[in-house]
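So that you can tell them apart, the chains are marked A, B, C, D and E in the order they are listed, and the count of residues begins at 1 in each.
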């Protein structure tokens, strides 16, 4: 059955934006970043060479258009922005979107790609996933469960790393118990780094050519390198058919900062 | 032997379109979507950056041309349209065509690619397949056969997912019985999701670098994610040399809606 | 040693074309399509987007240039043309050339690519191969040999499929006898389809990144699909390191028909 | 937590450059090239065809802009430059950056890519890694440890080779002892070439789709070829899932030399 | 240590060219084509579509520039030219360079790519290798050694084939004796074709993502096809991780002939 009403959602106009909305949005943002059942989309973009041939004023006006799109969708979509330029040949920046329905992420991105800047963006990768309840943790020993509650150290985490993962058939055919034992070993290897590396997991099977999107923030790249070395040393690593490819290494920047760089 | 008459088919003019034709077309559509022996073509397109530099009026006129092509072929080709933009870096939209002869699908697409919009379309993927009678179901136990007749819940299914599949040599060399046992396990894993995930299967061996095109509609992406996780856990999954790559995740939209987005 | 005389061949002018030549050419064509020792080249092309921006008159004149090239080489090269557009994202059309010396195929294509249309063609694939005497058939049982002489049904075969194949090292290291037994099983699987699927084989080891180019014509895609399913079920299939990738599915069209489509 | 202060670093102006700074920079350079805990980025670029259509004066002015960027970052980033053009189809040149924080490398490259030349650069590869203390050497026998201290012969090393490496899961799952034994065999194979081949190692797990970036300088390509042959003959080579792909072979050139070539 | 003097080599002007130089060059050419310790570079190019839009006079002038580059480097670099256009979708032509130092090959190519034609060339592949003394032949039985001295038949060899090869880890880890036995079997398979297929071998480990570049000239493609079939049937073939990909099939042409084709 065809849904003609989807378009209505796409065409919703720019909402009035009040302080009360802002408070609500902040609450929603917390919820979207924590809850299961949230749809996450990572949209990765390279800026076309022709963009830089536009004059500075035109690029500045284009930046304002982009900000309006972020505001228009702010009540349904939480958007974070990251700079890849310089640290990855694959793209210049990416946005991470969270909403209660994947459709909202699509509407946001259709609008973004419809702006003047959007017409100069090459969409080099898009990863889609869902947040879900932890699968293996409930069966972990209590001390590990406790250790895993360690909060990240306060203070800014400059760096972001996104690692898409696809498991092999043997992984999935292994019974839950067997996978759980391997995931316990995996979790043990992460405990040392819980304070300096913040993590988030998205489930992608069927929604993308991936099983998981793993997202990390850190201020200490050597800790992150050691964490990954630890994860490579456990048996679960045998079942990673894809780990990265692409690994996205970048830095966390506000939309204003990203747009400033593209408006210079 | 060369067939000079093929071109005559390609050049058939725009047919008069009456209410009686519409009734007939609707009946044909039902038949094409249900019967074995139907040729299906999935043609996936990315809109070229230069398209957006055309003025709005030119883009509107181009949209009208596209609608005329859909009407011209309506008596022989059933066409459904889907928006990928925003959820896939691989393309902006795709059309799914059904007809009684693959040649009709080609004629439709040659005409579509010959329109003003068509000249700005990059054809990023085309999947061809045939619908056939169920191969393994006749040998399934009666209770499974019964369960598989479960009708999908009414109500719109917003999302579409297309997953092309290629099996390994061992799969095909396994005797029918052995494959049947693995497919029973596969079918068992789908029963829970028959209400929320609608499916359709196309056979592609020799017509494409694929063995199957699997097509899904759902309003619940978490159900679809769980369905795929279930399918990954059965032994038949060991024989999927390719599963996705590309997985196409998008939303179901009418041609008018798609054209509206490209005419903004 | 450098051969400066090759260029002389390249520069041979447009020959006068008489009825006697035509009769001779027809005989040569039969010979080239049947004999061993013939060099076959499949040159696959995508028409550049800029082509369509030329006006209709310019495109018509360009078509005439192409026809002249086909005539110029008609006494040494047999050329067949096929439309892929609409059924393959990989290209728009391909030509299949036969001649007694691969060099003639190259000269034809250098001339074709030097025309106005040629300058808008992207050469997406080229497959080179030689026709040879049957390798395994002489050792087949007499009834299979007899069955394999079944002539294709008369009547047009609309569709063409080209499947490039590369075998694994184990195939080649297996002794002739062992390969012969597997090829007998392969041949058995084809007997049912000899009437509706016409086949031709080219040997490519060392001349291309392939071992074989397999070429098929049919009016019944479901028969072709079943034939390939049959071939996938024999043990020889274990040794196909590459089967397709790309599979080219298209329709048989005369040069005039192809040029008409590109001149619209 | 978002770090708005990052941008401040990006926007730091061109520093005054004095002799004292130069002395300090030289000292820092030594430190950055020797110490563990240093962030290395290899940014590989191809010059766009349109660049060459600029007139000579414009290209000369653009070169000056690039030199200013190198100077601006000279107190935090050590930059070496290499010419690939002619010896690699993959790119024209690359820069190797060292700094105490990966962020500095990104800021350098964002600035470089923001210059007039930068807008004509295609960033074909970027490798990121960290220098670390030797992992296996401490457990090596004393004579091997001693041999490994052999200093490279003085005199210019014209050639540079960069080989990115990714190990398989079995490598990492092997215990430290087992890996150490294989690395001893690896180290033994290098001793003969320590005088003519200079090496440096970067650790990339998690920061890139690599485990190691290996960097070599030599004046004798036949020695380097023999070194690699030796390394291919030890068991550790079984665990190289990726070795090269791309291997970058080029020559060592100062920034002035590289810019001179691009300004001709 | 940075070598500023390299640039001086690059900037050497066009040398005066006398008969004595020509005699010397011919001698050097023989030496470069026969001796071990020679650096070989295969640079493969596709001509950009825009090239053909230049007028004939401009293209003729550009051809003269290219000839001057070949002359300028003639005393240090031996250059052979080959036409791929028509027989390979991958490129239009390639040059094979030999010199006593890889740096000379780079200087030649930097100059070539700096010409007007060079700015329209896409460098699709570059293979680098060294000639070395035969590795396995000294241990072969005398009759095989004798047979391998068979000189190629005189007369032009129209065709060129270049096949890059990469061996697997097991090949290299196998002891010299074991490899020698497999190479004897390999050499036995070549004896029949020594008269009609001329061969040359380059060693690339560490200098490229290859172990060997194998180069062949022949007038008989069926003999070459049979030679490769023979090589595929020996056990050493199990260790070819890459054989071709790309295989380059073309024809031998002088620079003048190649330039004539690109100037039409």
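Definition applied: contacts are C-beta pairs under 8 Å (C-beta built on N, C-alpha and C of every residue); 3 or more make two chains touch, one makes a residue touch a chain.
The model shown is predicted, which means the values in this text are computed figures rather than measured ones.
**Q** Within the chain touch network, how many edges lie on the shortest path between chain A and chain D?
**A** Steps on the shortest route: 1.
**Q** Spelling it out: a chain qualifies if it touches chain B and also touches chain D; which chains qualify?
**A** Neighbours common to chain B and chain D are A.
**Q** Only C-alpha atoms count here: how many degrees separate chain A from chain E in terms of the superposing rotation, rounded to the nearest 5?
**A** Roughly 145 degrees of rotation.
**Q** Check the residue numbers that chain B and chain C use where they touch, and answer same if over half are used by both copies, otherwise different.
**A** Looking at both copies, the contact residues mostly diverge.
**Q** Let me have the rounded angstrom distance from the C-alpha centre of chain C over to the C-alpha centre of chain E, please.
**A** 29
**Q** Counting in whole Å, what is the centre-to-centre distance of chain B and chain E, each centre being its mean C-alpha position?
**A** The computed centroid separation for chain B versus chain E comes out at 47 Å.
**Q** Mark out which residues of chain A touch at least two other chains, giving numbers and ranges.
**A** none
**Q** What pattern do the touching chains form: line, ring, star, complete or other?
**A** Drawn as a graph, the chains make one closed cycle, so a ring.
**Q** Touch as defined at the top gives a ring of chains. Read it off for me starting with chain C, then chain E, then onward.
**A** Cyclic order starting at chain C, direction chain E: C, E, D, A, B.
**Q** Provide the residue numbers of chain D that touch chain E in the complex, in ascending order.
**A** 49, 52-53, 83, 85-89, 154-159, 161, 163, 221-222, 224-225, 227-229, 232-235, 237-238, 240, 244-247, 249-254, 257, 260-261, 264
**Q** Once bound in the complex, which stretches of chain D touch chain A?
**A** Chain D reaches chain A through residues 1-7, 10, 37, 39, 41, 43-44, 48, 102-103, 105-110, 113-114, 119-120, 123-126, 128, 130, 132, 169-170, 172-173, 203-209.
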